[in-house]
């Protein structure tokens, strides 16, 4: 069952040339079919009360304790849906944008999806690492082949940043495996086995850092974020969507699935630093977004800001904040993807993304402008839209750990208002600048944008399904630190009560 | 009970969505039907609700219609709460809102964004209703930000003019600063009580927080939110600029309803504020300062709507002053009367502006009494109420504020400011009326005889005059603040009574001396400072906006990218240097071996 | 005996220096042969008559003759000597001399660790032969392969030259 | 030498026979094809003979060689590599037309392989030395091998001659260092066998240092690496492949065995020296390749870095149980990948009349020849150590050995080096995605490339067959 | 027989080795370089013979034979290449071998 989730896109990718030969849009349809199939596979799944809804385990390299161990729980289920949904969106928005090497494009897209699905399912650390690296290669190709002018630079930067950081994670993974051998006599890369480890604090600290760096680069965390604006800006729209909506989530997912449960004490001790970095990211990302002229770059920096919230939420280490973080992953997936799509559509029509050359779009493209407005509002965290629930929960959770940082983080909301409204004001409002007329949303575009808008509103007003879905997995994440942790949270320097408030 | 209450905000909300989605397909009549009809229905429902509430002896209704979300440690629902305060607010919002909607049909006809306008306006009404009906802080916050959004959209309604966009953004961002404070306040409540139900948390606060710092912080943060939304010091700067929106918007949002949300918030959380007397003092001081400073600014403005905007700030300052002084019901009372007469003034001003082809500078006005008698009448009534002349609604509310405040706290600085402010209010009211309707006619107006616009005005005139008679079921809402020790002497009564007249007399005296107030003040430094709103804009510009934008400009390329670039440069340089060593010379290569041998031996040594 | 030993060493070193410094290839080669012969004497003194004999016969005999042959073949005359003089200016000695001096110092430091002066024990030809064709038989075979490789290679490398000189393109 | 030893020696004897036989065959009848079959047949026989010749348990055949699983693994790897090189050579040398003399190349290749096998089994310095020199002398000639697209009259091409001379002179100097080192050790211990050093060593340490210098040169470790790009560039492509794979990996195998038997890196100074060389190689090798425009030179620099990675394993020997396995796997990955790379170079760069080794030649390859392009991507990913390729398995093992031995700083350098390496591997991919050159043809033995690429992926996805066969030592 | 300190023998070998190395470094004439290489090889050969003499076993001399073989092979191939070079350039200048670089 789980293997099919992986195999479907891979098979479709392999069949791409055949589809291309069948008819002109064959590869596009095949991609849609494959992703639809995945959705169908996901649809009937549900919890049976255990830790994993589905689990499969097969030997791979038994002499190294490496197995093909996949597992699905609420968290992965949610992210798989996100992946599939945004995958479909990516195919749809590339319908007209990608005209060259269409089959290869979709091949890469699907392979990337497969890699990401693997990341969300893998429970063997070796396997996880394999998928972690694999999802990047097609993504690099997407940027490098179909990107904009500076694509080679962006692709290289992206590649080196992510690969180099993941090597650190590899070291940490191996460290864990050998620690397991030292304690039990057998080497194992299985998450279940490694969870039982008792690590010395120093070792745990360094290994945790290895994981953290890899995930933080992907997240991205300031100051390791600098690959992101370039990659997002230069990628084709579908690439930006995949990057922003899904790929960044793998970092947060990794933290939740591996970093926190495997190193509860070390993570708890590290939390103040991580939270500080998260807050830094929120503000710094907002500040940079505010300064940009290039719309796509602006949106890219908003990602930095939003993912800063995720980092803050994750390391707040309480249920509310974790749920908020997951919610933010989802909301950011939708809102930022939507903004990238809008920018892509504008670029398709006007061949510029420079805010100085845009303006008054509302007059020309009222529908598209309306969508832009809505997505910008989601980005600034307007209540009623999904981002708000997420950000509020994160702040509420983080506040219980540390009030000064949370107060500073809350300033990010002002920053969000600044850049979002600047985007609206400079592109939508003002005198209508581009002279040439262009068609408003086509039906396909309407469908995509409408679906995303609906998702944002729906999850803004009814986030409960998401919160329910991830409640159990997150509680398990949380159990670990509470069960093992000897660190007295309230005595940390960030504590609210400690300040005699 | 109460599930049907949800329909009060839902009706305008649905209408708004309809208009947003289908607005382009509807003609003006259709759009107006949706826009006005939904509000009318909401008003009707509200009326029913209020009547039922009064009939049921004023017990508060609370109910949770639906769950919003329940996270680990926090449960939030779309819960509604209806008590006397809500009743007053709902009444004002739907009542005044309905009148303004009616007025707008005529005012906005012909604008190509007609449907959009009503969509936004309906959305605003919905959000405002959510704000006041909310039984949960987070729902209140939703409305709170929602009205901010609508304010933003409506200020920037005529989006083609860049200044409007700027004003809209400024309004949103400045109020967002307050919102953040409010949000932080809510976070404390979450942390402490694990709930955001308003009544629960306020109740728990009173139970648990007798001797603690918490009320101080929570109240302070709530005040921050209130100050932002209600344009009080120090976040008042956005409101004068917000006048860029269409005049009915100014009337509804920036005079009658939204800007009083702060007052509502403080009144709603009275329980917490009472635990924090320091903050209450601060509220009073903020109110007093704001009302006086804004009144002075109103005195010297040249733009009709800006005068009214500063006047609004000033009047809300009275409300804050009252809240701070413990005169909660007086504040709410003034909130209501102010909604009536300020809406009247704005709408009448709108009529004037429309007649003068969107002329707003009062220096180009004058002598409009004859061509526009109806507007003049409206203005006269509105100004009278604003100046708190006897037997107008404003008179009662302002009297109540000043006297109750005196009774509670005696004559502090704030009280004296409030008293002086009453005089200044009268003065600028007189100036406004005189500049508009007396003297020479500078611009020929088109007649103001559009009846659809007159009906609402007429009704508002009545309300401005007799609105004080509307009873307010507030007795159960507010904990009665222990009456002050101060005996309110007859001298105080007299002073309060006479102050507006004093202002009027001063004005008349100046008028009779033939000296225009403008000329009197025009050149003075004081006037210039007043006209620019006491220089707050310049201050913020220099302290915040400029540094921020400078920072943004300087760091557009992301300084943190430099180390990465440096590493790349370093690699390239190393590569070039090393490549140069690879020069193809055999003997150099041998030398390389020898160097290597030296190195290895040295390491081994 | 010991004196002779050190004396021979000295000769070997001096001759080696002459090889390195020499301008005329043939002279240098003669100096090289002197070095080789001196070494041969040293081997003999060290009780390795077999090695000494081989040194004389194979090295100084066969290999050097090969070199003499080639040098004669490429005979460049006096011009070459002038050329060498130009190439070997003082400056070109500095860095290599310094480097090798340093290396020698390091080596000396490392190698002059206190070691017991061992008594030299003679290993005669018979012993060497027994060893070579006993346990090291494989080595000998492999050495033959080495020579085969050199033979095939040298022949193959030089063949085109021969062809060209003879004007025939193929054999 | 008894019968069992003789039986165990069969592959070596077969190879020697193959060399002599091919030479004799060429003497009787000059035919390139015949020589090719003779060569490949001999190799195949040797490979097959391994299946029965290899003793069950580790067997000492004369003091020189030890036939064990370690030998078996590397012997198979080397013979297969040599077969692949033979295939490449057949394609390459034939480009000269009928006049080119290719027969000798097979003789020399066979001798080279013989040396490699001797090294794989060497447990004695004499074997180490003779194996090494067998390979060296044969490759001197092969590097300068007269052949190629020019008239035979010209003989050795300029670059080849230059490369051959450089290789010869530098290699001889390095051999002298190596010998001096061995001499010192011999002087100290009185034995040439691989064995732990006596506790009170005086001369062995400098001896080992000198030995290390010689070895480092042959392995082209920084700062003894100068020769390698020139040799790679000048040598005919198959020979470059030979120098890149066989002559390095074989020596590495022998050194590995010595280090392992002798537990040498317990000596602190020596371990430091090796670590320094490893770090320098990883960093400088990758830096040198960074913007290199010549594919063969780039591969040379890249292999410098890869040998640096391998040294990490060497350091882990004795501290990590995985070390020998890691070395074996990495050598396999490195060989297959490098051979693939050179086969690709043969296909793409030498298709035209004039060989063109600029990277631009790869422009648009993915669109011109999708399968070759995909193979190139695979090879590059394998070089970069990205999962699902054999290169990743190799790198994974290196990391594992490093972690197990706690070589944290070297691992850090490894990460940095790999990060730099990613740049130029990706750069080739990007060039390949870009515009095609004006004159770009495709030729040569494509199926060799495909085969190697397939091997990369297959073993990358499911390396169990290799891993479970690893010499359990 | 003779009794000499090992250090002195080694020192002699090292000196001879270094002289040869200097030769390789300094000379531009390839023939001289080859000769210098021979010096280096001889130095190592001396070490082996010395070792054999000290330990009284034949391994040292066996290695000497091997070195001899190597020297022969090297000189043969090297001279073949040198002759080639001379035919190409009419010069034995090692510094002309710098076409490949970078």
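Just so it is clear, A, B, C, D and E label the chains in written order, and each chain counts residues from 1 on its own.
As a working rule, a contact is a pair of C-beta atoms (placed from the backbone, for glycine too) under 8 Å apart; a residue touches a chain by one contact, two chains touch by 3 or more.
In this text, all values refer to a predicted model and were calculated from it rather than measured experimentally.
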Those chains which touch chain D and also touch chain C: B, E
Chain whose mean Cα position lies farthest from chain B: C
By mean Cα position, the chain sitting nearest the middle: A
Length of the line joining the C-alpha centres of chain D and chain E, rounded to whole Å: 26
Centre-to-centre distance between chain E and chain C (centres being mean Cα positions), rounded to whole Å: 5
Mean-CA-position distance for chain B and chain A (Å): 37
Computed distance of Cα centres, chain E from chain B, in Å: 95
Chain B, residues touching no fewer than two other chains: 579, 582, 584, 586, 590-591, 594-595, 597, 601, 604-605
Where chain A touches two or more other chains, by residue: none
Of all residues in chain D, the ones touching two or more other chains: 126, 130, 133, 137, 140-141, 144, 155-156, 165-166, 169, 173, 184, 203, 205-206, 209, 229-230, 292, 423
Complete list of chain pairs which touch one another: A-B, A-D, B-C, B-D, B-E, C-D, C-E, D-E
In the complex, chain C residues that touch chain B: 95-96, 99-100, 102-103, 106-107, 109-110
Chain A residues within the chain D interface of the complex: 60-64, 101, 126, 129-130, 133-134, 137, 140-141, 144-145, 152, 155-156, 159-160, 163-164, 167-168, 170-171, 174-175, 177-178
Chain D - residues contacting chain A, complex: 367, 381, 384, 386-388, 392, 396, 399-400, 402-404, 411, 414-416, 418-419, 422-423, 426-427, 429-430, 433, 462-464, 467-468
Residues of chain D defined as touching chain C within the complex: 1, 9, 16, 19-20, 23, 61-65, 99, 101, 104, 107-108, 111, 114, 118, 126-127, 130-131, 133-134, 137-138, 140-142, 144-146, 152-156, 184, 202-203, 205-206, 209
Chain C contact footprint on chain B (complex, rising order): 591, 594-595, 597-598, 601-602, 604-605
